[in-house]
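For reference, the structures are reproduced in the following blocks.
What follows is a pair of complexes built around subunit A, which joins subunit B in one and subunit C in the other.
What follows is the complex of A and B.
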């Protein structure tokens, strides 16, 4: 056995310190904004809030999460995320299956058609004009339909299918099963880890997307959460929403409202994150190691 | 696009391809007609949402007018591209794009590798898991939220960083309104968001290294530092090269969606990149044809870079993306 030398000890301590600092650097901005969201407003305004809260109040948080526009935007985001993810994962998982059968005539050409779109695209303006032509401006479908297949995600699922033992399919075929049955009864149930991981990636995409809503949605009643958040974060003190609410409540400042809105928007992600984390780590590792 | 790197890695796994002779082709197609049916929705998706916008690129060669449409607008040949070449604004935007992108590669690319190497040396499972959970988290937050966080922490009035600067006797800096600092903010926040998550591909690559190598080295008396430099690092070198080459393919993508949440007219000079420029000119000024030309230039250069990167990777490490 190799004995721990002084060098090893310094090495160990150095590593732990660096990683600890990475962790702290990640948490610092989050701790700071959380503190601002729940500190006394006078402390927030005078810039006294650091990593820890100064005083304690939940009025700002309560005000933010009970705001109609906030709840409405959360609802829109949930709708897009659930419907978008379900459709995307179904379409992606189905398309990946024939593409994993490389010996089929024509499949390689279709494969090239998919891959080409990863390397070349029309760009912002032609996409915008297309949405306009399809009458999807100010329509929530404009946020879902163009994102239903990410070719990258599809390739991951495809290579997972390819890693499954061929004997499974062959024996099913002997029993007279058709390709549809094999896909839905055998392949998909076996692919749950990778499907779950990819579903998570789609869900995160739909939940976090602000760029396409910014392009395609200007009806206030259809604004997803990120777009609502952008109005509050970017418009600084000029935001009418922030100013009005500041007048309404004695104990609420514009800065406090901004902080509380950011925190309230992170909460849904934080609630599901620990549960999802064990899946994606496993899923990503399964995917990458096997090659 | 960090996720994509992980996924691309998988594509490098080559699979043997069974050879089919001509006579069996029709039989294969007929017996597997249902497999082809499965492709119909995907192909419709491709045609409508991927290839139709490519057709829309023709307006880069027109003086496009929304009322006259694709067919009715006047053709102007390469006029838009001539305008692009002679535009001083575009020149600035191009330089900004390259600068931000190169800074991101040079400064941020090594960090995930170091994180992965270090995490690999941690024996305390709880510590390892906790750190992983924390550093993966920002990847799942949107750019809007991250802008919100850093506007807050970098604020000249009561932001943590400026409080510290003042405490040391400095004058507060408006990071988001200062051309001298804006690029640094862009690069730093990108690092904050993705460094931890980008380590995942290297963590996976390390997990693939054979344990016998470590045992052999240990018997030969190599300490952990030497093992890290002589086994782990070389073991993941092909992955490092592959990811770096892939990253080069996105050289002109300096973070459009990120910068759109962070910048304002004061810092256009240092922060306007091709993507944001296309957005502003196209949808802000309604200059559809010109900004499509800029977008086409961007796509073409990107396309060439990706193809070149793939060839390079084939030559260097015998692995390719497709």
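What follows is the complex of A and C.
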């Protein structure tokens, strides 16, 4: 190991600085929103709240967390995320399995059909009309069904399957296992890292999806959290204030309440993330060498 | 963001092609499904309320709480006998969503949108393409209350090509924004609230020189937000209260008004002397409010709806602070005025895709029944409000909880009585009431200048050009005030304004104005 030269030092320091700046760039806005959520309204309005709260209070948070509409939205979001992710993982994992067996007849044609949907799709209006014909407007399935198989995610899982040694399956077959047993008892347990990663991808997708609910959901009782958030945050946007009558202006929610809503909405993801993060890092590597 | 752009394009495409879609959209029931817990509850509720009256579907403007669980909805169901499923448009780009819903023929029985220029344009567009139900015959048959309650002038203004397709909810005509001043600063410098432009300059000078707030070099005599370089109240003193003003019998946009130059000269002079916030162009609404409520600024331009919040914050920061609105300022030749809203707050229409247009009209008619209307708007006497000497005062907090968002349930108002009921809404907070009252009843009546274009029918060129031209004028005015453009550049800009649609708008607006004045 050679001694660090001046050049090495400056390089290292430079890297640390850049990383520090990136870190701060994401952390500071979050700290700002958090402080606004737990500061006095008057301090928020007069712009005194920076990264530290001024006049600490938790009433705003309590108000937001106990509001019916918020709890309802978070419930809807959780439902979509849990059910959607479970189904999506199941379907993606089992459709990737046969596709990883290149010796099967016709498998490449089926593969092309999958890839085709990745490149071309109907677009928004046809999708909307499809949902309407399926009677799924104002129905939570409209948010889950179309996203159950993401071809990209399926390819990641497929390439992981392909990297598993063939001998495992052969020995299982010798012991009399059928295809389903092999998949569920041998392959899937070995694929936990990739499954966890993809599950996280799906979960983040379902949790963050704002666009589809905006299209398909009109009933306020079925709005997921992101849509609720968007509406609340937009409420005080001055560009939307142009269309507001005096009555609406009197009803605009306070800045502190909006900040508290944002904070409250990230809590569930914050709770899940640390447990999945280690898989996430591994999984990203796996994706990168899939070649 | 990319997706959003795509979405807008598609929405435009949708609106172009929707006539054909409306025609071929199926009439099958797409009502709420029963696979989810929430709609299951709704379905059972509907089953118990089964009667001869069908369940109606109404699309509403966004509000914070779910319409379906809001107390007003329950009251209306019981009072009108109609069970209604309320959906709402999103807060973000509601126009796009509305286009999709209309294009795909969602069977709404009533659609209520804002009554602003852009939504009026959509309404006219739908009506012309045949997507809306002609309400005239229905109202004749089932809508006696509608006819009695809504001002004929409003109904006339809502017509498209001679036919009525929408029920207008008229805006109450109020002045909203004016200049709010630190009374304690005034007392300290020993002056009275300004009533003319010269007095305003003098007061601002005193604020700057004597620094009554003790802010040193952070002292700001007057702050405004960046998108308001044409400052209400000051602009009124030059006869520029509204976007378009009557100049010798012709409606003229501000920038073509001969007084525009005088206005800019006055304000840029304030700026040069350091009396107007140096950073005003970069101020967001919240930044300006921060400066005022933290005690750095002596004056601010705000809406009376903001007064309680701003005041609370200000007094928290500076316990001795006192603030109030200044009177409406008088200009050199006696010009004076605050812009007052006029026109439609909301419009409600029935799309052709509706399955129960007759019931929808009966429902709206029932909502305008005198007692029902009052209870919908402000609640029950001695429960939600008290009535004394003709003034309605709300009982808190139940009024806030159960009637704060009642305005979103209105579909047409009883135009003679509603302004009186409405006052209950500002009496929620005496500071709110005082601010509103000062501007709207204590000031002489001639200081409120209603927007002359409020009752204009849908004007194609005007609607198309309104926003872009407005942005152009705001940018240019800001540059003039900053001195980044010379005053001699005004004529060149006026030429640019005219060629960018200003001329077309001018002709269209004045063609209408000539007929309206008769």
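In this text, the second predicted complex is superposed on the first by the 268 of 291 C-alpha atoms of A that agree within 3 Å, B and C clash if a C-alpha of one lies under 4 Å from a C-alpha of the other, contacts with A are read in each partner's own complex, and residues count from 1 in each chain.
By our rule, contacts are C-beta pairs under 8 Å (C-beta built on N, C-alpha and C of every residue); 3 or more make two chains touch, one makes a residue touch a chain.
Note that this is a predicted model, so its numbers are computed, not measured.
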item	value
First, second, both or neither for A:137, with subunit B first and subunit C second	second
Partner chain in contact with A:128 - subunit B first, subunit C second, else both or neither	both
Subunit B versus subunit C as contact partner of A:254, first or second or both or neither	second
Residue contacts with subunit A in the superposition, subunit B compared against subunit C	B
Contacts of A:208 with subunit B and subunit C, given as first, second, both or neither	first
Partner chain in contact with A:54 - subunit B first, subunit C second, else both or neither	neither
Which superposed partner A:178 touches (first subunit B, second subunit C, both, neither)	first
Contacts of A:164 with subunit B and subunit C, given as first, second, both or neither	neither
Subunit B versus subunit C as contact partner of A:83, first or second or both or neither	neither
Which of subunit B and subunit C A:113 touches, first, second, both or neither	first
On subunit A, positions contacted by subunit B and by subunit C	45-48, 123-125, 128-129, 211, 214-215, 230, 234, 255
Subunit C - residues contacting subunit A, complex	3, 6-7, 10, 13-14, 26, 30, 32-33, 35-36, 38-39, 42, 59, 62-69, 85-92, 97, 100-101, 103-104, 106, 114, 116, 118-119, 171-172, 174, 176, 225, 227, 284-287, 289-291, 293-295, 303-306, 309-310, 312-314, 316-317, 341, 345, 404-405, 407, 425-426, 428, 432
Of all residues in subunit A, those that touch subunit C in their complex	40-43, 45-48, 68-69, 72, 76, 123-125, 128-129, 132-133, 135-141, 211, 214-215, 218-222, 227, 230-232, 234-235, 238, 240-243, 245-255
Complex contact set, residues of subunit B against subunit A	3-4, 6-13, 15, 17-20, 25, 28-29, 32, 34-36, 38-39, 41-43, 45-46, 49-57, 59, 66, 114-115, 118-119, 121-122, 127, 130-138, 140-145, 147-153, 157-160, 163, 192, 195-196, 200-201, 203-205, 207-208, 218, 221, 223-225, 256-257, 260-261, 275, 278-279, 282-283, 288, 291-292, 295-296, 298-300, 302-303, 306-307, 322
Footprint of subunit B on subunit A - complex, ascending	2, 5, 7-8, 11-12, 15-16, 18-20, 22-23, 25-30, 32-33, 36, 44-51, 91, 94-95, 97-99, 101-106, 110, 113-115, 117, 119-130, 145-146, 148-149, 152-153, 155-156, 159, 162, 178-180, 183, 201, 204, 207-211, 214-215, 226, 229-230, 233-234, 255, 258-259, 261-262, 265-266, 269, 273-274, 277, 281, 284-285, 287-291
